Amino acid sequence: MTAPMIEVSNVTRHFRRKPDLAERLAMRAGLASPPPTVHALDGVSLSIDRGEVVGLVGESGCGKSTLGRIVAGMLPVTSGTVSREGRDIATLRGAEERAMRLATQIIFQDPMSSLNPRKKVVDIIGEAPRLHGLAERRDVRATVEGLMAQVGLDPAMIDRYPHQFSGGQRQRIGIARALAVNPDFLICDESIAALDVSIQAQVINLLVKLRQDLSLTLLFISHDLSVVRYISDRVVIMYLGRVVETAPTDRIFAAARHPYTQALLEEIPRIDRRGHRFSSVKGEIPSPVNPPQGCHFHPRCPLAMDRCRVERPVLTKASPDHAVACHLDGGTGRPLTNAGVKTGDLTPTS
Amino acid sequence: MSLLRPESMASRILRGLLTSPKATIAAVICVVLVVSAVFAPLIAPQNPYDLTEIDFFDAKLPPMSEGYTGMTYVLGTDGQGRDMLSAMLYGLRTSLAVGVTAGVLAMLVGTALGLLAAYRGGWIDTFVMRFVDLMLGFPTILVALMILVVFGQGVDKVILALVFVQWAYFARAVRATALIEAGKEYAEAARCLGIPAWRIMFGHILPNCLPPLIVIGTIQVASAIAAEATLSFLGIGLPITEPSLGLLIANGYQVMLAGLYWMSVYPGLLLLALVFCVNIVGDRLREILNPRLAQ
Amino acid sequence: ADLTIGRASEQSSIDPQFSRTGNNQMTSTMFFDRLVNFDENLQVSPGLAESWTNEDETTWTLKLREGVTFHDGSPFTAADVVYSLERADEVPNSPAPYTDMVSSVASVEAVDDLTVKITTNVPNPALMEDIGRVFIISKAAAEGKTSEDFNAPATAVGTGPYILDEWRVGETLTMHANEAYWGTVPEFNEVEIRFISNDAARVAALLSGAVDVIDAVPPQDVTRLEGTDGINVFSTPSGRVIYLGLSMRGDQAPAVTDLAGNPLEENPFKDARVRKAISLMIDRQLIVDRILGGSGVPAGQLVPDALGGHNPDVAPDAVDVEQAKALLAEAGYPDGFGLTLYSSNDRFPGDGDIVQALGQMLARGGLKVNGVEALPYSVYSKAASAGDYGAFVFSLGSSTPTSAPNLQALLGTYDKEAGKGAFNRVRFSSEAFDAALADALQEFDEEARLTKLRDATALVFEETPIVPLYWQKVHWGLKDGLTIDAGLSEQTLPQKITSTE
Amino acid sequence: MTEALLEVRGLRTWFETPRGTVRAVDGVDLTVGRGEILGLVGESGSGKSITGFSLLGLVDPPGRVIEGEIRFHGEDLRAASPRRLRDLRGNRIAMIFQDPMMTLNPVLRIGTQMIETVQAHARVSKAEARAMARDALGQVGIPHPDERIDAYPHEFSGGMRQRVAIAIALLHKPDLIIADEPTTALDVTIQSQILSEMQALTRDMGLGMIWISHDLGVVGQLAHKMAVMYAGRIVERGSVDEVLDTPRHPYTRGLIDSLPMENDRGQPLRQIPGNAPPPLNRPEGCPFRPRCAHATDACLAEPEETGTPDRAWRCFHPLGSRLTEVPA
Amino acid sequence: MTVFILRRVLQAILVLLITSLVVFLGVYAIGDPLEILLPADASMAERAQVAESLNLNDPLPVQYWTFISSAVQGDFGRSFVYNRPALDVIFERLPATLELVTTSLILSLVIGIPLGLIAGVKPRSLTDESIMTGSILGFSLPNFWQGMMLIMIFAVWLGWLPSTGRGETGTFLGLRTSYATWDGFVHLILPATNLALAQIALVIRLTRTGVQETMPLDFVKYARARGIGEGRILFVHVLKTILIPIVTVLGIEFGSLIAFAVVTETIFAWPGVGKLIIDSIKMLDRPVVVAYILVITAMFIVINLVVDVLYSLLDPRIRGRAQ
């Protein structure tokens, strides 16, 4: 088998302001403490095969966007490596680096803020291909029109400004802009969160079609589990900077093993479940500045044991394609039973 | 979502101006002033900069007097016998040139440095901002004097002095806005698409920093004109044979108490009218360009 | 205060020997006396020295005034004179020391309490004029003190008509009359001097009644003040001459061009005919009337008629454009040439306007005026002295009884070593004149000296070494009922202000 | 059946802009009873938030409530004086804004903002107000309310801020809460936490609630009744079960069909063709007509509401009662 | 906080060093102090003596080095004109200027903010239009002209207020201040107004813009939705939010006020440092000019620091970052 498209191995990313001279002096003199560190990613490993759609799920602030940016080569890692087709992207230089950059594109969460309000669609989509020599100056319009048609936008709207489009249409402009540089890998960072269901459906359909037509590889970041379930081949669940579970989509939904995943699945809002009694989660969401010892989830986990408070669970294979990081059941979590874990059970144990 | 026909910037501004009668009048006056300044040599009864054309015998005549040469001085003459009307038209020309050029140049320099500081951050940011501190601490007079010494007297030198002092304001203002804009996802998207940094700064971020720039710009144009007047008042401004509005006011100010009011009141009124209209138009422009305020 | 004066400029110290700029001398004259007095025409009369005699050409004996006391009540003695004359050239960091005034003094000794013997190193007929400029301070109060200490009454102890109360820097100087003064005790007891440098503000202060007297009334406001009820204007001519310098310094004059605007090969100002022609183009009376509102007297030489050495036969040139053109043609410039005129803009009233007027006149006289520049004095003075300007307007004040020092400094051949021609910015040089002046300066007989000076003046102005324009008039604005006795000195002294009734 | 707490009839809120009139809300009828949750769903820009603001008299100029009747406990709010409205707001009627991240003043402490709300409606001392604020924070599950009350909004996580907004809404035990999409950007476990809070409140305190959302799943689980908005109008309303199981309006149907379902994988999602009409340029007659598969010439006329007071729709061609009858 | 201040101090030292160099060179370039200091009839010998005693004969780098090495020990040289330590000369006059500048800053806040609030609450109303029109007058006419008008009207015609000098001063907490006596206070009115006019205009405009842009924000609407009164919304919610730009700009303006005080002080014969500096520049009194600029720059750095600290007081979001 060839190397996977993307191989993230043991990546850690801390955000920490670099202390300047004054700060170092003060620290030396004991007048100041080192600036706080945000542990956005903490030893994350992940691989994505060519043509695969991977869903990335996790709560707000757990490091999903950070991971996306690192994979796209826009943020350097603190430690660990990201390789693309077997080559460490940090070692690429010059033309190779540029090619890698262009081959990986991100579609941002907020379609309005990711489009420059003062540029016409033709410029938004056409600028990069023209700069990179993918289209001649005089062919740019034609290229852009082609792309617009491809994402289902009326090419007649080529001279409009972003504010003259609807949310779904804007999202497609973002997609067209990314496709314009012929990427083979797309990162969709919560690209559909702010859209209402009918528009959401348009965008998802488009992504699926593009995947089929262009054999794109997708990293699909979302907190909407029904969409993730619909679109992805495999799901990765993150919690506070760590991957806690990864498995093929069907397996996750049928037999999740990590307590956090199970809680997530339990709480998916479904229209066929009426008059549901929501249950309240107790326990504060820990902060990435000061993550808890051991398993990050233990303060909220109903099944937490003493071991969970001190020892970090490693990602262990429960079956060939299903990995879990939980001390339960020999390090593989507890399979989802019909009864499952109710959120109500997720009370702090201490 | 509105899917109306895109409206060009120019027509949007024009329509915005026309909806406010006050702004319309102000804009018309601005245009009239600018046109008469530009065509001053054609309109003015006299070339006040030509020493052979002005006559000493006609010095300090009140408005509507008839001079030695038979010419009627509608607004009187100054201490050298210059026709005030002509001097004001030419002076307006100089003042506009000084105000606008200094304003625009300061804007360019300040904007470029402010953008750079915001986008690059780190030591560049610190360096530029401390430099701004330094500039803001320097008295305008000292800068003007130094420039006067090193480069001599002239309109261009005054402009240089004003730019020196004013760019710092723009740099500060732009940096503040650009910091916010640079954090938006469109800038990140542009980087992701491999667009060079300078292009992101000037092509993507800058256009979104324009509204505050316009406000500061209009105020700075006015204050450049006033600052030039103050420099002239202190004797380090323009060459005295080519008076600007400010210099006329400063000169006339000397004889105010002697009752020769016309030498500074008329240029003062003209300056007031100019600044007034520029500001009204500027205010309106800001409203038009702010989607929240445009109605 | 009984009297409030608005004064344009402020002294830099009250130490009377710190600096001899006009300002400082003016302030010192309020609190201190000198060995001699200078009257309004700057002529010498006995002061703290009652009389003086020459033993020989280099030995002088001074008899001091009896019964004079310092402000602190201590008697004035010969020791104070010795101390003052010895200190005069060694005040630390003085920006304008009295060095020259005592440079000819070899030694000073107190013979008894009221007699001083002075020996000079060269024969100096003008010794009393020189040392007479030095203010006498109290040895007891000043010994061991710095100039700064003088800014408070404890050290600023003199014998003058007023006693210092307080100096608030930049703001006011207050004093009260010295009741024990040996001369006339001044009329106004409590006096406050306010420093108001801005012309318009000073005039406004008088108009609003905030001050009773102002000095340096700007010429343009004279008419207005004269027409105001309750205010009088008092004017006197001063010894300050305003002139146009035409640089003869190099083979080419700076900023002098041919008609096409290229630098001229030769220096036209080296030709006396050109200088005369330029002088003939200028309508001095018109400048005085139009720009100065009458505040000037057209000048044709350095000093006005009140001063020694003035030659009544040397009249100011009258305008004569025809003759000017003829002279130019004769000198080889039938169509004139181009030049730029320079001036300061903050040195004396109307300086910026005058240079423009000159521009107009020279243009009418057939020259091509390429430009007129008026610059702040700080910038202008350096460049003018460095010879950066071909044609420039400058002024020179006179603080001596005769024209001799000014003739020497302005028109004597420039000689750095001998210290001659210090202000000869145009680098005029005439052997005949140098000799005539030297001869005059060695003449001990007063009358003969003045005659020789008059002749030297006539001789040198034949060649138009500079173009004198006018002598400045100075004005004071006073409330009704007050009058000032000023004279050529340009000084505003409270002891010289009296009520008219 | 519950007694009517809020009754809205024929509400129209228009924005006069230089380019024309935006009919943001164009004839809305609503009824909310005690202890009842009304889910309000619809396309983005259909006027859900403006409806909420209209009820409180908080529409920003150039917007204006043109006509309609708003009765709260039988009192006509449109005729109420500004004073009276101010007394009601935050007191009897509370609103939780769409984005609570933006709605708390960033430069004032949480406590300050809560205390001022208490004191705006009750004559209590600062200390008492503070105690009330602290209790309210505790009630919505903020740990250590005594300390957290002095924090600034930015020191709270998104979920916590949302809970602060709820706590503020509850300070005066209002009769009606208007909650405008407060959980859009949160992960499901935290969302569930907030929803449980709301549910408990309606149940225990008998307050009525309007829950604005585009998440049909949430509405389905939380609300008792629901209303579907399209282009400024309510196109369908009824109990949650009725509307979700047997939608009568083609738009409602389209929305439900757009949801990805478990067994949808591999097939394209059913999206509603076309786009929402531009607010300035709405088509004549039924605004959904250009996107509707059942449209006929009849739809050129304005559809009236048909049905019972509890179950109604605006459509000339309502769908049948069984899903299978509808052509895909 | 310590770090924050330490960092600023390090930067400040650098800034001051550069400033001193620039000014030193600049004043050197402008002219020759000897030309100006010496009386017109001074001889060559006197010239040489003065040059020697003021150290003007040394090469410029030596002069600069001498200056810097003694400046490090707190000695900024002696004024050429006054023969007193340059710092003394400056500090003697600085309080008068600071009093003037502070008074006009306070005036501009006390008058500007309420007017700006009134104008901003009802944009385009008659009140708004008149306030805005009036404010344009504030900055469109040169400062010296406005000053003269004030003198003409209030001192010469009406005779209500004095127009020159500082009047009687008293000491309050060891500082000489015009506030201590009625006479001093009256003397302060005209110059402070003159200096404040442009600032008032600026504050009005800033406040109005701020109000206009803050009022539509969600938190204002939310405050209304909570039943908070309009007064509290305006004076607590809106005002606190818009104070940040106002404080920033006033921080910058403090510098230009001190600079413009030159003109006001000249016209009103106010014995402040502005008049001193323009005289010193004209007299080429280099030690005073250099020391003045260094003092002002240092003051500016301190003000910026204060502004930044105020920032964090006003806006808690910045607090974490600034420290």
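Chains: A, B, C, D and E, in written order; residue numbering restarts at 1 for each.
The definition used in the following text is that a contact is a pair of C-beta atoms (placed from the backbone, for glycine too) under 8 Å apart; a residue touches a chain by one contact, two chains touch by 3 or more.
Bear in mind the structure is a predicted one, so any value in this text is a computation, not a measurement.
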| item | value |
| --- | --- |
| Chain-contact steps, minimal, separating chain C from chain A | 2 |
| Between A-D and D-E, the pair joined by more C-beta contacts | A-D |
| Far-end chain from chain C, centres as C-alpha averages | D |
| Centroid distance [mean C-alpha coordinates] between chain D and chain C, Å | 90 |
| Centre-to-centre distance between chain E and chain B (centres being mean Cα positions), rounded to whole Å | 23 |
| Chain B and chain C: spacing of chain centres that average the CA atoms, whole Å | 44 |
| Chain A-chain B separation of Cα centroids, rounded to whole Å | 50 |
| Multi-chain contact sites of chain B, meaning residues that touch two or more partners | 1-4, 145, 149, 253, 256-257 |
| Multi-chain contact sites of chain A, meaning residues that touch two or more partners | 166-167, 169 |
| Residues of chain D engaged with two or more neighbouring chains | 45, 275-276 |
| Touching residues (chain side chain E, partner chain C) in the complex | 30-33, 35-47, 49-50, 53-54, 78, 80-84, 89, 92-93, 96, 148, 151-152, 155-156, 159, 162-166, 266-269, 271-272, 275-276, 279, 281-284 |
| Chain B-facing residues of chain E, complex | 11, 14-15, 18-19, 23, 26, 29-31, 129, 132-133, 136-137, 139-145, 148, 152, 205, 209, 212-213, 216, 248, 252, 255-256, 259-260, 262-263, 277-278, 281, 289, 293, 296-297, 299-301, 304 |
| Residues of chain A defined as touching chain D within the complex | 58-61, 166-169, 193-202, 204-205, 208-209, 223, 225-227, 229-231, 253, 260, 263-264, 267-282, 284-285, 287, 343, 346 |
| Complex interface listing, chain B residues touching chain C | 51-52, 54-57, 59-60, 79-80, 145, 148-149, 153, 235-236, 239-241, 253-260 |
| Interfacial residue positions of chain E with respect to chain D in the complex | 216-219, 221-229, 232, 236-237, 240-241, 314-317 |
